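You will see chain A twice below: alongside chain B first, and alongside chain C after that.
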Partner chain A sequence: MNKRIKSLALGGAVAGLLSFGLVGCSSDGGDVTLTLATVNNGQMKDMEGLKGEFEAANPGIKVNFQVMEEGDLRAAVTSDVANAAGQYDIVTIGAYEVPQWGANGWLTDLTADLADEAYDVGDILPPVRDALSVDGKQYAVPFYGESSILMYNKEILDKAGVKMPNKPTWQQVAAAAKKVNSAETAGICLRGKPGWGDLFAPLTTVVQTFGGTWYDMNWNAKVNAPEFVQAVTFYKDLLDSAGQKDPVSYSFNECLTALKTGKVAMWYDASVAASMLEADDSPVKGKMGYAHAPVVKTKESGWLWSWNLAVPANTQNKEAAIKFIKWATSKEYHQLVGTKLGWSLVPPGARTSTYAIPEYNAAASAYAPITLEVMSAVNPKQPGVNPQPWVGIQYVAIPEFQDVGNQVAQLVADAIAGRTSVKEALDKGQAIAQAAGDAQK
Partner chain B sequence: MTTATPTMTKAASGLRNIALSRALVAPALIFSIALTQIPFLVTIYFSLMRWNLLQPKERGFAGFENYIYVFKTGDLFPAIKATVGLTAISVVTSLLVGLLFAILLDRTFRGQSIARTLIITPFLIMPAASALIWKFSMFDTNIGVINYIVQKLGFSAIGWSTEYPYISVIILLTWQYAPFMMLILLSGLQSQSREVLEAAAVDRAGAWRTFLLITLPHLRQYIEISILLGTIMLLQAFDPVAIMTKGTGGTKTLAYLLYERAFVGMNVGQAAAYGVVTVVLTIIVATIALRTLFKVFMTGVNK
Partner chain C sequence: MRSAKASIITFITWVIAVTYFFPVLWMFINAFKTENDAASLTPKFIFTPSFEGFQRLMDRGMASYLTNSILASVTSTVLVLLLSVPAAYALSIRPIVKVQDVLFFFISTRFMPAAASILPMFMIFKTLNVLDNVFALSLVYAAMNLPIAIWMMRSFLSEVPMEIIEAARIDGANFRTEVTKVVLPIVLPGIAAVALICFIFSWNEYFFSVLLTSANAKTTPPFLASFVDGRGQFLAVLSAASTVAALPVIIAGWLAQKQLVRGLAMGAVK
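What follows is the complex of A and B.
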């Protein structure tokens, strides 16, 4: 009671000082206003659209969305959480951040709160849950998840007489790309924009299936090891002979447009793209085929990513925040999205039960089965040929990696453009990666 | 009485004037010191800290560790080279294009004001917006105007950002800053004495000789000013690198390098050290440049 009066008085004082109407909302009966920072992806905007349902079911809790670009979100949330500024009650963070921030003590341990039967935490896809846990403690809940798959335009491949198996090898994909490559249509689109989350997301999975890795079990960098060099050389050669023309400008959105407009025949990228290729306004709807991520030495090579909701450790409204993130990642929420907004918009790749909803399977028949298949098959604990000292596939779960990945990606981009050789670029990358590896020892 | 001690009164009122003017200037001075020097002192303090936002447990005093890092990794000199190179070439190309447009606009024709407004427009667009426009509408391999023309001429599309990142950045910066140069040079052209030009025409000096021997010497101080102001603005160019090339192909300028250390590396200490080194370098360059700038203004006054 005393606390409430205090917070009311404080709220009033702040409102008076700033003469903002916003803070004033909290005066009607000690309401809680949660501030949620999130990324400007379609599924998150759907969540914002549906927050009224949550607020109606939980009187006294209001949720205020702050929607940002991925890069801005990462910078804003990182500095807020790292400095314990406490601006956000709920943050949207990637699978890369969760285990590190959890280990840093920046996030609330959710294990006990998720244990109730109605929430059914066991329903969350096991690889996704593994990636969000440290030492058996779960620090975030997945809002949606994705792997990487090969997407191809069946019309173009049929015309060239190419048949794509369900589990292709990279050699088969390269041969097919060269066969269908023409002046108007490139054989394959691959990300080339320098950045750990751009170029190095698909490229790391290629490195791993070629038998390479960023670090061995003792945190020795392996960036200029023969397998890594071989994989990057393969990626560069494939781009040179049958890729899109300007790789440095291309990442997810650029490739998506190119595939939609028939400028490329194939694309290896995030599985979440399939729902956009099959959307009603897509010119290639119904013409696409989907296959597992191409492999060389491993059985699977798809990546694993999820956008997750987590509660910073220093928030004042922990209880209400946990209530909201459980609601937004529950089975009921999926039903709500399906009935209110359309079944194809249900957040994919988070819960196994999503793939048992008949309406969802009918709406997403082209890509739902393969998404579930790949996401259940990948192994974030050991995605490559050899064991690795971190959990995660297309990234290394250490804080230095975004920096290392970025710098090496710039070097590789210079090699792709032919300004340096792959070996030279990776020799420099090795030194950068080793410095970060030494910090882990 | 007043005439008895004229010098004393003069001296006293002079002193009073000085005191008054100092008092009047003081708030602005204190304000600008607070606004520029305190953050700089804080930056120096940060640059001596081991402080990576992502490693909260290892925060502490680092001494000159960050400065050693700045000079040891070898990123600094390529960045200086990229900054100087891109700035120098872009200033020269902007100046040439600007001069061309200024000469074309320095005559009366129908629609002159519309043409002038249209030519100035690129300078008024936000740098980030113009980088995006160029990335997608001009350089793109599928929908870009340049590649459309290239392909119509029978060549294959050019991957600008991949193959020619350096030239792409220069093209964009030239497009952006040529209008600025044009404005300064146009005012120079219009301040030319018509009588001199008429005299030259009477003497049957050709257009080229008139330009070379009369217009160009007259424009000299305008050219010097546009080079100096253009250099100051272009040194800060960041957007084309961040949006188009991501620092590949020798385009990693000081501004982009600093951004990377702070917002990708999340390393406050290293970013601050780079900042301090940049400031020191800037002070050295600016001292020389400003001296030249004042010289240009002075000779302008003397004329």
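What follows is the complex of A and C.
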């Protein structure tokens, strides 16, 4: 009996200790504390550094930043929002997720809240706004955005007597790449690392401007259609004849380094790279030229990406959360960043008015005009020749695309590396893509 | 000839030791540099020490992440010891029936990857309203470490000579005396080894902390990852954060060093 009492007492003590801990941690203060999940990049950290300005102007609201690596952010935010767990009042998500999550009812419809004149929602770049809306309802606000452009070393091209037009075709780019290609300097750097966000970001834009697409309007896969095959064959041939060595190990960072160190003459990739090429410590600062994404059959071919702030549908602090995201994406915030941190650090690619700020244009004169031009011109509703049943350029906005894109990218990377033919890779890719397409029908 | 061979072995040993230790040393050195010095293409060994990185850690609120890590690691380690020592006792000194089956069952709970269990776990935590709770996280860590702790403790307990226990029993020792006065003092180094290993596993755990916590209970490892910045200039502050994060484990290891070596040797013999 004595032993049993002691055992019960010990068990009770442990349970009591735990329940004390559990209850103790669920207490809440009187003020609103917003929890914001965000990605660990510079612009977001700038926002964290400036949140004090918002808190001072809005007594009673505190903002707690949870900064994560991109993969962790996706995993944490997806599990939280999809299960309506309510851990986060504000989430940072990409343009790929917004329309899907909005359509699922996971995000707060912000349309009415953004309608006030002071916020000026019409100032947001129209393609970016389109990419964040479903059936006329806007589910997120862009913090910053980017497109894709052609970046080239003017010194190398001038030496070879090549002049790059502002809106080149892929044929012109291929000819220029072959002309400047040498043992020391490759003509062009293109992503070859397998992954839907790596190889297929630029390659999908190439496919679209060649007239191809992932799916038709009835979700029939078009991965082995002649236009898709032609585009991938062109991409591989260009890499074979004038690209960097071992292309399947190259993505954004590798190409950035190669261009900076003079190992390649041109690079087609994200417009945000221009600010890194023009940074004070860049060896190619002032030597670079920038052109629109090369085209074949379309007028524009740049991609569209933005990091956005959204409010999960089930947050308890909706009003305060909306107040914060409006502040963080306002014109006033851009002024605040410029005056407090420096004009080159103003979040790009979100608002048209940013490009009317003289100080910003002076600080980003090399790349700001072309970024605005391209981002205003791209069409996420129909980036290619044919209509498509989703909104988005370098991705298909369905949950299955990450897996489909990764698998097909691996097959195409094998073709680029010479382990299989383009046709064989895309025939296999067609079957993978069709399975995902059938799920949408 | 023999001395030349010994010198070569000593030299190679030093090379290997320094190669392994150098990254840790470099992290420690970088923690006291400015960002520009840390990011310098030519490694700088001579520089003016700076506490800028540590200051930024405090500004970002590292203390609360460290507190959560300590709470989660200590609570889970205590829970694991409370459960694993009696369990291992019943699997070695006073064996129950089908010991091998029970041992296999314990270790089989580690067969499934953590990623496969995270969604149901997330749903359970949400239903119980214990998401973002450091003590709930401790329970996960305890469950995670319990099988390995039971296996280790069983190994240590099996080392205790039965003759000593039988002698104690002949001398009239009851079960409580047998455990507290005879067995536990012998396996204390083993308990220290188990405790330290469980503490280290909990301290370094990343996956569950990222997914099951947000603002209140986040531990140190995800906080460290948040310093990596695509715009560059994060090496000094990341090194400072890693140095601070490594200190509790180093201190715990140093304090338990004597017991630990004996404990690990005990397990190794078995």
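To be clear about the criterion, the second predicted complex is superposed on the first by the 412 of 441 C-alpha atoms of A that agree within 3 Å, B and C clash if a C-alpha of one lies under 4 Å from a C-alpha of the other, contacts with A are read in each partner's own complex, and residues count from 1 in each chain.
Criterion: contacts are C-beta pairs under 8 Å (C-beta built on N, C-alpha and C of every residue); 3 or more make two chains touch, one makes a residue touch a chain.
Quick caveat: nothing in here was measured; it's all calculated off a predicted structure.
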Exercise for the section: Check the residue A:R419 against both partner chains and state whether it touches chain B (first), chain C (second), both, or neither. Expected result: first
Exercise for the section: Pick one for A:K45: touches chain B only (first), chain C only (second), both, or neither. Expected result: second
Practice task
Considering only the touch criterion stated at the top, classify A:T169 as touching first (chain B), second (chain C), both, or neither.
Solution key: neither
Problem - Which superposed partner A:V248 touches (first chain B, second chain C, both, neither) - result: first
Practice task
For A:Q402, select first, second, both or neither according to whether it touches chain B, chain C, the two together, or no partner.
Solution key: first
Handout entry: Touching partner for A:T352 - first (chain B), second (chain C), both, neither
Key = neither
Handout entry: Per-residue contact with chain A, leading partner among chain C and chain B
Key = B
Exercise for the section: Look at A:Q87 in the shared chain and tell me whether it touches chain B only, chain C only, both, or neither; answer first, second, both or neither. Expected result: second
Practice task
Considering only the touch criterion stated at the top, classify A:E69 as touching first (chain B), second (chain C), both, or neither.
Solution key: second
Exercise for the section: State whether A:A37 touches chain B only (first), chain C only (second), both chains, or neither. Expected result: second
Practice task
List the residues of chain A that touch chain B in one complex and chain C in the other.
Solution key: 75, 79, 83
Handout entry: Residues on chain C engaged by chain A in the complex (per definition of touch)
Key = 75, 79, 82, 118-119, 122-123, 126, 129-136, 138-139, 210-211, 214-218, 222, 225-231
Handout entry: Partner chain B, residues of chain A touching it in the complex
Key = 71, 75, 78-79, 82-83, 100, 104, 106, 183, 192-195, 244-249, 257-258, 261, 263, 399-400, 402-403, 406, 410, 413-414, 416-419
Handout entry: Footprint of chain C on chain A - complex, ascending
Key = 14, 18, 21-22, 25-26, 33, 35, 37, 40-42, 45, 64, 66-69, 72, 75-76, 79-80, 83, 85, 87-88
Fill in the blank from the handout: chain B contacts chain A in the complex at 52-57, 135, 139-142, 156-163, 165, 244-249, 252, 260, 263-267
